[in-house]
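Two complexes, one shared chain (chain A), two partners (chain B, chain C).
So, the complex of A and B:
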């Protein structure tokens, strides 16, 4: 069989691959256009509040895209990603304050740390299937929150204040203007998207989706199920931690609840869930819709931040799960599907 | 090329197969017959590494493979088409096929079997961009066999390929099995459809409550009085 198969050349397969790669090229072009438009935003948006919302939106876009790598492609639903977010935030700040490590290096070190932790936790947690895995992630993140809350070395419940310095790209500190943060987070979300894009086309991506759909069948096709989950988990944790580091630098003050809290885990997962889990554009669509809406309701209705944004999120989730269970991204495919349905 | 000896597999103390021994030569078709619950599927799953054996050995091309994980066994050249096909329903036909071939690093290596698969099952070519869930039962079975062939196996194990499929397509699938065998692939076939499977098989084992109760060439089994009365209704 082997020899017989080797000898045959598949012109048909080649043409099909050409079509698929044309589609993937179009995705790249689309994202380049989006990025170009986004990069011009600070020219028009001079209002600090609006820019703040835009920055947070891009941050959650990057985070949710990272979450989607594990939750969407590999099907391992984590509701404890705050642990990686917190490690990125605390790691970067602590390294800077205690050892004078510049944030650029600090964020890479803490992201690597988060990826390492993801592997260590995965070693145990990936023996659990489905909902049990999800519950384990919640519990572990809550344990981490309690640990940091009571640990003097990390500032306990008071949190950490980043020491003020002059504006500089070296320390990633900008007091006068938020525009540099905007470009940083834009680059981060592009990087996260690009990683997801590469995964979609790579055999790793296929393996992960197979593990998600039917792990046993995937195994019988030669997929190493455990390694697949571990790999997806490490990449996902890495991006989450970089996002956390960015958040710490951006707000220059962190406390346990704001970075290790369950709310963060939820906000990381929600855009992907709303936009379309396991899709390339889902997390982006979800974040662009969800985060500004949440911020606006919080500042206009919420008053003292009493949770009006959470109510809005809840309502959105209910609406999407009733009307578009596959996520908002499925709206984009409506036209295509009707066209394809004709024989 | 495959030798199984003294194989025993149990689920939580319940013995599913017990002391099963047989061997297959390269390029042969061995069919495994038996009533429901006789342990046919368990036997294939144990060889595929999806169930763990309690005792006995499985050796493939001279190397012992029991105790290895499913993906390692697949990488050694054994492909398994499980019962009920186990496709990825929300992936396209193309993606399902591709998933069989990612053992190989290079594109040409991965895509090489496609032409042969499309020759065996032309319908797959027409359905390439459809989701697997939209295929009919017979088409899904063809896809499952195609997906297994993408790994370029030297041993192909099929669990009830004719289950729930209209007769016309069953004939096509059996025809395909004969063609696959011609390219020197060894085949283990679990099949309820005993008459049909004896037509294409070289040898047969019959399982009953986990034990081998009969073995022989396909012709011997076909003419065996017990089989004639129990299975063939003659």
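So, the complex of A and C:
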């Protein structure tokens, strides 16, 4: 009798764990399929403009996935991620131009710098609650923008132009074709997604989500709230900076407003918010819908100065938050939810 | 006698002019179940928060297994073996029931897979396994109470602080709750439980402590407490009159 009970007990755990790992494996399979399809895109997309849009979409997908690690899982809403993006961009370019450091190393160094800055800022800002944290991130990023605008050694408002070199994977410079950039940013998106996937199944992921839902209850279960926020912040900043470095190499010209501006902070956060904050697929879904739409509006309605794309983003976000506050990804779970719901 | 598991020494806690805890001392032995009762606003939850580390005492000292923990944050006290539930239920609503418990069991298992295994066992212990994959936000409130208990148990505590876990339960649910607390007691965990309903506390506890206006006014067996004139006046009198 006792042994039978024991057997039935462990069988529940075994069954549950098997199901949970199967679910996680399916996610891996799904992403592998997406990646495969995406990898074939350059065969069909030969038009430069369209390829450009695809590359930007993947870039924001990676960025938003990185933002989601802090904002989605850990619940710390930053609207100042442009500071990390800018450090990645300026760091990589400056290291290359001033010290001849190859961009591969430069982007890692700048990303590490950004992560370090995130820790330093977090040390002060994570004592602030909720909205105050968000406001602080905006203010700090704006301050950084003003600083860079006035620094002569970074080219001030004029910005920096990467010196032209021969096409090469070593310097990550490609003048003739954009296809290598496509594969670089595809790899970056996959890396960001994989990091989020690993976090979801690991100790930190559980702790961060607990901190987001109820920090005091998390603390009562032994979760170190402060370290959780710091860890999430550093990882998030790291990916953001790599994205910034990519952007600088891709456009080969940067200026303070285009990499440190509030617009970038918004574009990093919006796909996650739209697609589903704190979910694995949300940022990807959001980016795939939002970025092409924004680019199209921008090119049909007006130049980048008019802000037509931002109006479109705003309208979309308002619509989604009214109709599906959990984000678009919740549409996928509709069937499961209604089945599980109580009468 | 061996050293007490918990020693609370002369705790004071003021909220402005209000003395929510006024020179409260209490020892709890390993595996002992203490019932803490008292009228509304007596300072019971304040006392719990001070033991768990959520509130700092204005004055006084807390020793756990002989070690001074007064300066430790709640997370570190949990690490040492103090777990708690909240009077107002707190669940991680965006996470599934099982994931809620994994948050607790990860404290003792660094590997998420073993933590999940342990969480499953705790889930069965509180008889919630049918709800494993439900979002915690969708649970009924008695279920949420049991989830909170499971989460606390998953941290493998030596001392469990239960703040009105039976409040708002129907008589049948309360019976289930009592059975559950009995099962927890059998595992050797010491418990301090706050309850308003005397019938629930009495059969479960080794000792009852009565708090009124921030002070301990009586302490003893259930029989001693119910006949203590001070207690009758302060607490039981209310319910008899009501």
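Definition applied: the second predicted complex is superposed on the first by the 326 of 343 C-alpha atoms of A that agree within 3 Å, B and C clash if a C-alpha of one lies under 4 Å from a C-alpha of the other, contacts with A are read in each partner's own complex, and residues count from 1 in each chain.
By definition in this document, contacts are C-beta pairs under 8 Å (C-beta built on N, C-alpha and C of every residue); 3 or more make two chains touch, one makes a residue touch a chain.
Since the structure is predicted, the reported quantities are computational estimates derived from the model, not experimental observations.
When the shared chain is aligned, no partner comes close enough to touch A:148: not chain B, not chain C. In the superposition on chain A, contact of A:201 is made with chain C only, not with chain B. After overlaying the two complexes on the shared chain, residue contacts for A:220 are found with chain B and with chain C alike. Within the superposed three-chain model, A:190 lies out of touch with both chain B and chain C [touch as defined at top]. Common to the chain B and chain C interfaces on chain A are residues 9, 12-13, 16-17, 203, 206-207, 209-210, 213-214, 216-225, 340. Across the interface of their complex, chain C is touched by residues 9, 12-13, 16-17, 20, 201-203, 206-207, 209-210, 212-214, 216-225, 278, 340-342 of chain A.
Of all residues in chain A, only 1-2, 4-6, 8-10, 12-14, 16-17, 203, 206-207, 209-210, 213-214, 216-225, 340 touch chain B in the complex they form. Interface of chain B with chain A (complex): residues 48-50, 69-71, 74-75, 79-80, 82, 86-91, 94-95, 98-100, 102-103, 107-109, 111-116, 118, 125, 128-129, 147-149, 151-154, 180, 183-185. Chain contact summary for the complex, chain C toward chain A: residues 52, 54, 73-76, 78-79, 83-84, 86, 90-95, 98-100, 102-104, 106-107, 110, 112-113, 115-117, 120-121, 124, 129, 132-134, 138, 151-152, 154-155.
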